[in-house]
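Structure provided below as structure tokens; questions to follow.
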Amino acid sequence: MSVPVRVRNLEKNFGRYPALRGVSLNVEAGELVALLGPSGSGKTTLLRAIAGLEQPDAGQVLFGDIDANSLSLRERRIGFVFQQYALFKHMKVFDNIAFGLRARPRASRPSEAAIKAKVLELLHLVQLDGLEARYPAQLSGGQRQRVALARALAIEPRVLLLDEPFGALDARVRKDLRKWLRELHQRTGHTTLFVTHDQDEAFELANRIAILDHGRIEQVGTAAEILDRPATPFIDSFIEGIARRNADQQSREWTKPHVVVSR
Amino acid sequence: MAMSDRFLPLAHAPERATSETAFTKVVLIGIAVLFLVAILFLPLVTVFVEALRKGWGTLFENFGDPDTLSAIRLTLLVAAIAVPFNAVVGLAASWCIAKFEFKGRNLLLTLIDLPFSISPVISGLVYVLLFGAQGWLGPWLSAHDIQIIFAVPGIVLATVLVTFPFVARELIPLMQSQGTSEEEAALMLGASGWHTFFKVTLPNVKWALLYGVLLCNARAMGEFGAVSVVSGHIRGLTNTMPLHIEILYNEYNFVGAFAVASLLTGLALITLLAKTLLEWRFAGELAAKAHRH
Amino acid sequence: MRLLTRRSIALGAAALFLSFEAAQALADRTLLNVSYDPTREFYKDFNAAFAADWKAKTGETITIEQSHGGSGKQARAVIDGLQADVVTLALAGDIDQIANKTDKVPKDWATKLPNNAAPYTSTIVFLVRKGNPRGIKDWNDLVRDGVQVITPNPKTSGGARWNYLAAWAYASKQLGGDDGKVKEWVADLYRNVPVLDTGARGSTTTFAQRGIGDVLISWENEAFLVQKEFGADNFEIIVPSLSIKAEPPVAVVAANAKAKGNLDVAEAYLRYLYSPEGQKLAARNFFRPVDASSADPADLARFPKIELVSIDKDFGGWSKAQKEFFADGAIFDQIYRPTN
């Protein structure tokens, strides 16, 4: 199911402002990678370019062996979770999750019964059993986030992209969801990229971390690699906080390599 | 969106509210009510009182007049063309403006507002200058035996122009505030452009759209100035209801004038009623939306 | 979508309406008479009579459509392309405008029909409220302090120009032709006007329906009509010692009529105005017939004898009067200052 993602020399300008200046990145199948950087570093643009929501000026995105440019948005089959969830306000939770399945061309559209089974299975997976008849407005922030994730997973995506998945949540919910997301990733094994500006989040969740600044990737590596050998002075100062907290807590949990489960 | 105002939290009186502010409140409410009665309610009642001055029989007799029937038919025809047209084009224009960044976007926005800021008389005159016998396209049109002004096409055009902003003006602010993320989400989930539009964009703006359409309809049926300029006032042919009302009034047929006026007012009231009923019917859904965040 | 279904029904209905109107247009010939305000009632009667006569003579059913409005405005609409077959306006000057600005009416239109192409005439009289509370007898009473006079704006209304010229003629006679004094006298008169409506019908409703003013300077036929509509006991007609002979002219808009294949019926329509039946109907609707012989004596008896001046003899024709009095910056602009 999962495919590796390769990004080659991606460039993107907004007017005269360069958002991406030659970004290359390899993500292995089933890997969980964080795109970390200060605001304006280009991390969200990179994510949206991979998704196909932004058209890069130059460069290439490959899903496995397939050039993403040759695929329409529909054919890309990418699960995208938006920062503000972007749930369909006028639809119940059930219809939100079923949307992607119902939007398929008639020939490949599952039966309503199959859709129902799939939606209920996903609701169970994201631990929202019984909430299918609610409207998004009737859910908490964390619940909405999980609906958004279930909706993205419903189309059996090649790749899962998450834009600041916990950005709008308060600290406590955030911590719980972080743990939960990592467990979910271990279970489903999707190639996953997520954008964050929160170092703790990146270092705790990801197999590898790509740190961006001014539209360039400054360093890619595991948490340990980055902490031990920061590649540039920028990285050094950017991860300073983490290193200190880390030293204080003497906790090394996040450096443990994860077992990547491929399906 | 005008209907959302009912969901605004009530302004909380300051804790130190004194009898003076309470008094002020009573006075202000009193003035508002008095104003509404004098400016809105009384004239409305007058229309129906005048129409019924000589009884129901005379009222219905007036509706049987062929010129009156023709005016009613023309008004409904014009609204039936102008309103759907403006709903579709207004929706498309709003969608372009709210969801995309492109060159000339601000110009388009200004153009949409133009019919609001210029007098309807000028909107009518523009068409006379364009399509009139002495106008830019006049010689070509008359050579091809096409009659636009002083005929139904001109009346439809003038109405379309004058009522164009109603739908777009309702939709643009709402669509802008909603942003594009739901559409992007739909596209990422594999929906086609049309599927996204009908299942996501349209449901999100349907109340504003309906409201815009109702306003547009009310104005399309009631427009006087622009239509008057391009109508030619041919009885039984190019007189809409508002024009016919003026003619009847000028012919000392006051009962007839107010009979048609009461019908026009009635149509407007039905429009309002339809809106209220729809709001009531979908109250739950509206409330759910209003309470998000 | 329920909304869409409803729309398509509406569109279907619209198409139905259109086809209905198209079918109607094909059936028979229709003639469009573009006229001025106070002729509505007259042409309603006259059109029925003409249609019957035409049917009797040719077997063809003819429909006559009417458009009414201020005379100047109507001329403008014909210039801009209103497909009039005939125009029946308040002033020769307005038909001249059509002839000058387009080729639709021949320049010598006034010679095509008898009496300078004016099939009926009218004059200017006063209308006052029941019992004549202000004791108005003649033009002189209109310049008295505190008398409110209602008359439309001569810049926009044909009738108002006749009103103005009648007043001028009276003052000129009274003051021995001293133009400076006449000007002052007319200025005094317009100082007593609280509202200048744009058209004759507007002034009439201001006076009769809204109850503003003490005296209305009015077309004679319009004054009679008010008495008929509002009851003869509510208003009185006052005949001044001197007035003006107004000659509302008619013309075939030849280019339009030819294009629509209506030339024969348009010409017959206007000729019928001069027929005994046409003259009789004019008299019944308070227009003075040019040939009184066939009119009902009872109708004729309603027209009082007034000394009448003429636009051609006393003012040197419309184009001269227009330039002298009503053009921008001419005498009317000099004497009229809106009062607050």
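Couple of notes before you dig in:
Letters A, B and C name the chains as they come in the text, with residue numbers starting at 1 for each one.
Quick note on the criterion: contacts are C-beta pairs under 8 Å (C-beta built on N, C-alpha and C of every residue); 3 or more make two chains touch, one makes a residue touch a chain.
Predicted model, so just to flag it, every value in this text is computed and none were measured.
Taken as a graph of touching chains, this assembly forms an open line, each chain in contact only with its neighbours along the path. Here the chain at the heart of the structure, going by C-alpha means, is B.
Rounded to a whole number, the gap between the C-alpha centres of chain A and chain C is 80 angstrom. Taking each chain's centre as the average of its CA atoms, chain A and chain B sit 46 Å apart. Averaged Cα coordinates give chain B a centre that lies 36 Å from the centre of chain C.
Among all residues of chain A, none touch two or more other chains.
In chain C, no residue touches at least two other chains.
Every residue of chain B that touches chain A in the complex is listed here, in rising order: 181-182, 184-192, 195, 199-200, 203-204, 285, 288-289, 291-292.
The touching residues of chain C, counted against chain B in their complex, run 1, 7, 10-11, 13-14, 17-18, 21, 32, 34, 37, 40-41, 65-69, 77, 79-83, 101-102, 201-202, 205, 208-209, 225-226, 229-230, 259. Chain A contributes residues 51, 53, 73-74, 77-80, 82, 84, 86-90, 99-100, 103-104, 135-138, 151-152, 154-155 to its touches with chain B in the complex. Those residues of chain B that touch chain C in the complex are listed here as 73, 76-77, 80-81, 84, 87, 128, 131-135, 138, 142, 145, 147, 149-150, 152, 198, 232-237, 247, 249-252, 254.
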